[in-house]
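By written order: A, B, C and D. Residues from 1 in each chain.
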Amino acid sequence: MACSKYEYVKQYELDDRLLPGCWIVVRLDGKGFTKFCDLHKFEKPNDERALRLMDEAAKAVMQEYQDIRLAFGESDEYSFVFAKDCQLYGRRASKLVSLVTSCFTGTYVRRWAEHFPDTPLAATPAFDARAVLYPSDQTLRDYLSWRQADTHVNNLYNTCFWALVKSGQTTTEAHAQLRGTLSDYKNELLFSQFGLNYSTLPERFRKGSVVVRQRVMHVKTTADGRTKEKERLEPCVLHCDIIRDAFWKERPHLMA
Amino acid sequence: MACSKYEYVKQYELDDRLLPGCWIVVRLDGKGFTKFCDLHKFEKPNDERALRLMDEAAKAVMQEYQDIRLAFGESDEYSFVFAKDCQLYGRRASKLVSLVTSCFTGTYVRRWAEHFPDTPLAATPAFDARAVLYPSDQTLRDYLSWRQADTHVNNLYNTCFWALVKSGQTTTEAHAQLRGTLSDYKNELLFSQFGLNYSTLPERFRKGSVVVRQRVMHVKTTADGRTKEKERLEPCVLHCDIIRDAFWKERPHLMA
Amino acid sequence: MACSKYEYVKQYELDDRLLPGCWIVVRLDGKGFTKFCDLHKFEKPNDERALRLMDEAAKAVMQEYQDIRLAFGESDEYSFVFAKDCQLYGRRASKLVSLVTSCFTGTYVRRWAEHFPDTPLAATPAFDARAVLYPSDQTLRDYLSWRQADTHVNNLYNTCFWALVKSGQTTTEAHAQLRGTLSDYKNELLFSQFGLNYSTLPERFRKGSVVVRQRVMHVKTTADGRTKEKERLEPCVLHCDIIRDAFWKERPHLMA
Amino acid sequence: MACSKYEYVKQYELDDRLLPGCWIVVRLDGKGFTKFCDLHKFEKPNDERALRLMDEAAKAVMQEYQDIRLAFGESDEYSFVFAKDCQLYGRRASKLVSLVTSCFTGTYVRRWAEHFPDTPLAATPAFDARAVLYPSDQTLRDYLSWRQADTHVNNLYNTCFWALVKSGQTTTEAHAQLRGTLSDYKNELLFSQFGLNYSTLPERFRKGSVVVRQRVMHVKTTADGRTKEKERLEPCVLHCDIIRDAFWKERPHLMA
């Protein structure tokens, strides 16, 4: 066959199998989202439409890949956790990374108009991703705690920053005022200067999004007019603490 | 800061830098496209709208990443060739793979309606991708020859197959008739039974798409009604032979 | 400096750091030892001098690299277990693999004459090695169980094989008689035909060698003729079961 | 079989195949050789016995592995160049690295007494090694040029340093005097202060050792007293320039 003389080049495709027995986290990040946010006039510090769209895309990824146990998202970032014993695509890193990225991006674009009915998509959003292995349950939990703590730290900072900017400061002034300050200072600033109790902000902003599969009841009307209930496991978005043990104790199957 | 105690998990993110001095090919493939084609009633053996949409997505990727020297596409597959000395994202494999996949998928979905005005997108298309290194100019050319020879082989087969099916055979019968046959047989079959001279089929189908940057003249009308010409390098789609030397001799900069 | 124009080639040295948080097993194997054994007339099925020399080399490796928790050896093979949190040489695979191999080979040659006083070293022995990661304590224990079970299986086979050969069979006949037989058959064969109760063979042959650090008492005579005792942790060779829990329960520090 | 339940752990042994079509350089380095040199009273700045022993070990490695095209050594370091199309052990990195290291170390220890008849080996020498890929002939030559330029730079420095120390300076004073000086200064220093013309020093010290296979004539006396000549390809040690083209033009097979 005409191909055969060139087929030797296939040997250059090396194996990129990920070590068995480890949690695989595929973390995806918006590329150049500062510009993308400006272009589409995202609200500051949090644009709820944009966050909901991220959640939709994450749910689509979990619907497609049942080996994903849970996902955690904040801002323009999402982490997908594949089970330790996952054998999907032989655990080949590039397969997992590219398919998650493709499904996420495709869904984000396809669903854009639902979440931004008045804002046409003016540029193609892009995400990059990588796969990281966590060998133990503890390191996986620490990874997720790291991302959720990061969500809080960023959100507190951004909430202060945009409050200062909306109150008239330049971005340079706002950055200067916040540089090196501790949480207490920022909480106090929000409260005293802007009458804002940080802990009353939506949990979505403070804790990010956790996607887990939950039983959802579906009601169907049959041909003869009767209704039938059917329960199905579906990816659902929560905004709750995943650092403390409670979340995990209620869901022992996640780590099983 | 609240994150610091968990931040050690960053150490688990290992380096995936690709060897310097090698051509990097990122090859992307449609995932489950048989189903996707059926769902959107793609024409057989080639749907020109779908192929043009693939080309659009590839051009968008090349517009975004100037380190890509050329791209080659056929069917639901595209290969992007990054220069040997490319330093983009420090040559990190997962960055390159995920960004190409994301930009391609995002453009494919965003531009769907232009190419399929009467067919709403009924599912999110997905692509997977991988990066392969080719150390020498010869191995790179052999890689591209492999893909173009594959295009020809597949297209000849598919042209026969669908001609037989449209003429009334079942798919099983058509496969059985073609199994193990040589090019000559297939060319003869097309000619004698269907009056089709294979070599007169569109080059797009027989040779796939090659995307290279070419000088394109843009004519602009200024405020006072005069026209101004401006030349720009832009990704252009060709359908030509890249196995023989002629293509490369005309474009010495591609391998430089 | 004269080097600087060439120094760019250092970039081609890619990172080969091993994933943190995993046990690292460096397993080393004799290369072409069938020939090496023949050349030096090793006793069959087990040459105690050769096994003791392997143990000496393994102890030297453990003396040199304190990050090794334990080692397990059989025949011409040895596995070294580095702690999960070992940071030696930044966990670079080639450093660990090459240094273990070098220390082992160097010691084997250097100590040869002690164990084979009447047999001059007639060829340079060679060992190859590789590093394998085990993410959990369970997978590490299963790895070690695999090697010890392998020791038993091989030794039972070899004991039968050489008994048959020494009794007059050709090697082909001996292989043929043993092919596909179960343990029971082999035990029975040894007992009925050769009057050998397998379980009374030295544990060294049946269980291999386990090297762990143990407190050893050293008695020193001082200048004035008095003796002083000093306890030191030193690699010691045991021949005991490491598949069942007892060994691990007595030595909780090994997995800690 | 008793092993089977544990055998799953073999899956953790991932593929470490090196990219085809690239030169493989295995570079090996003495570990802790400053101490080893002191212990065995190596002559400064160069101990010819030690260098010859390194060369012997390198020749043994090349005798064992015919896929090695050439080797370059200086001080306690040696680089082995495997052909681009070498398929030895499937190009598995750990196999190549460990086997080269093992053969080198084993030979070094075994041959010690021949080169140091009056100095018993007082410690086991150790070497570490790594494999690096060079995709083009140019990068390989630049690698070798880098090592030979390094040989010269180090030797010039060390020659000055030890001349100063032998003339009565402390090592700190000698380092201080040489810090940041250029070649010209060092050449002049050797000439004016020590009457030494650097370029008349043995080439072995200034250029390192290059090992290539050359035809060597062996004369054998047959049973009836006649002599027979036989030519064989054997690793031979040269001390010559490998930076300029001449060496390569005379030996086109090295790069073929």
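Basically, a residue touches a chain if its C-beta (ideal position, glycine included) is under 8 Å from a C-beta of that chain, and two chains touch if they have at least 3 such contacts.
As the structure is a prediction and not an experimental result, all values here were calculated from the model.
Looking at A-D alongside B-D, one finds more C-beta pairs in contact between the chains of B-D.
In terms of the distance between Cα centroids, chain D is separated most widely from A.
Chain C and chain D have Cα centroids lying 30 Å from one another. Taking each chain's centre as the average of its CA atoms, chain A and chain D sit 52 Å apart. Annotation: 47 Å between the Cα-based centres of chain B and chain D. Contacts with at least two other chains are made by residues 12, 14, 19-21, 133-134, 139 of chain A.
Contacts from chain B toward chain C in the complex involve residues 11-12, 14-15, 17, 19-21.
Taken in their complex, chain B has these residues touching chain D: 19-22, 133-136, 139.
Residues of chain C touching chain D in their complex: 1-3, 6-10, 12-14, 16, 28, 31, 60, 64, 92-95, 97-99, 101-110, 121, 124-134, 139, 142-143, 145-146, 149-150, 152-153, 183.
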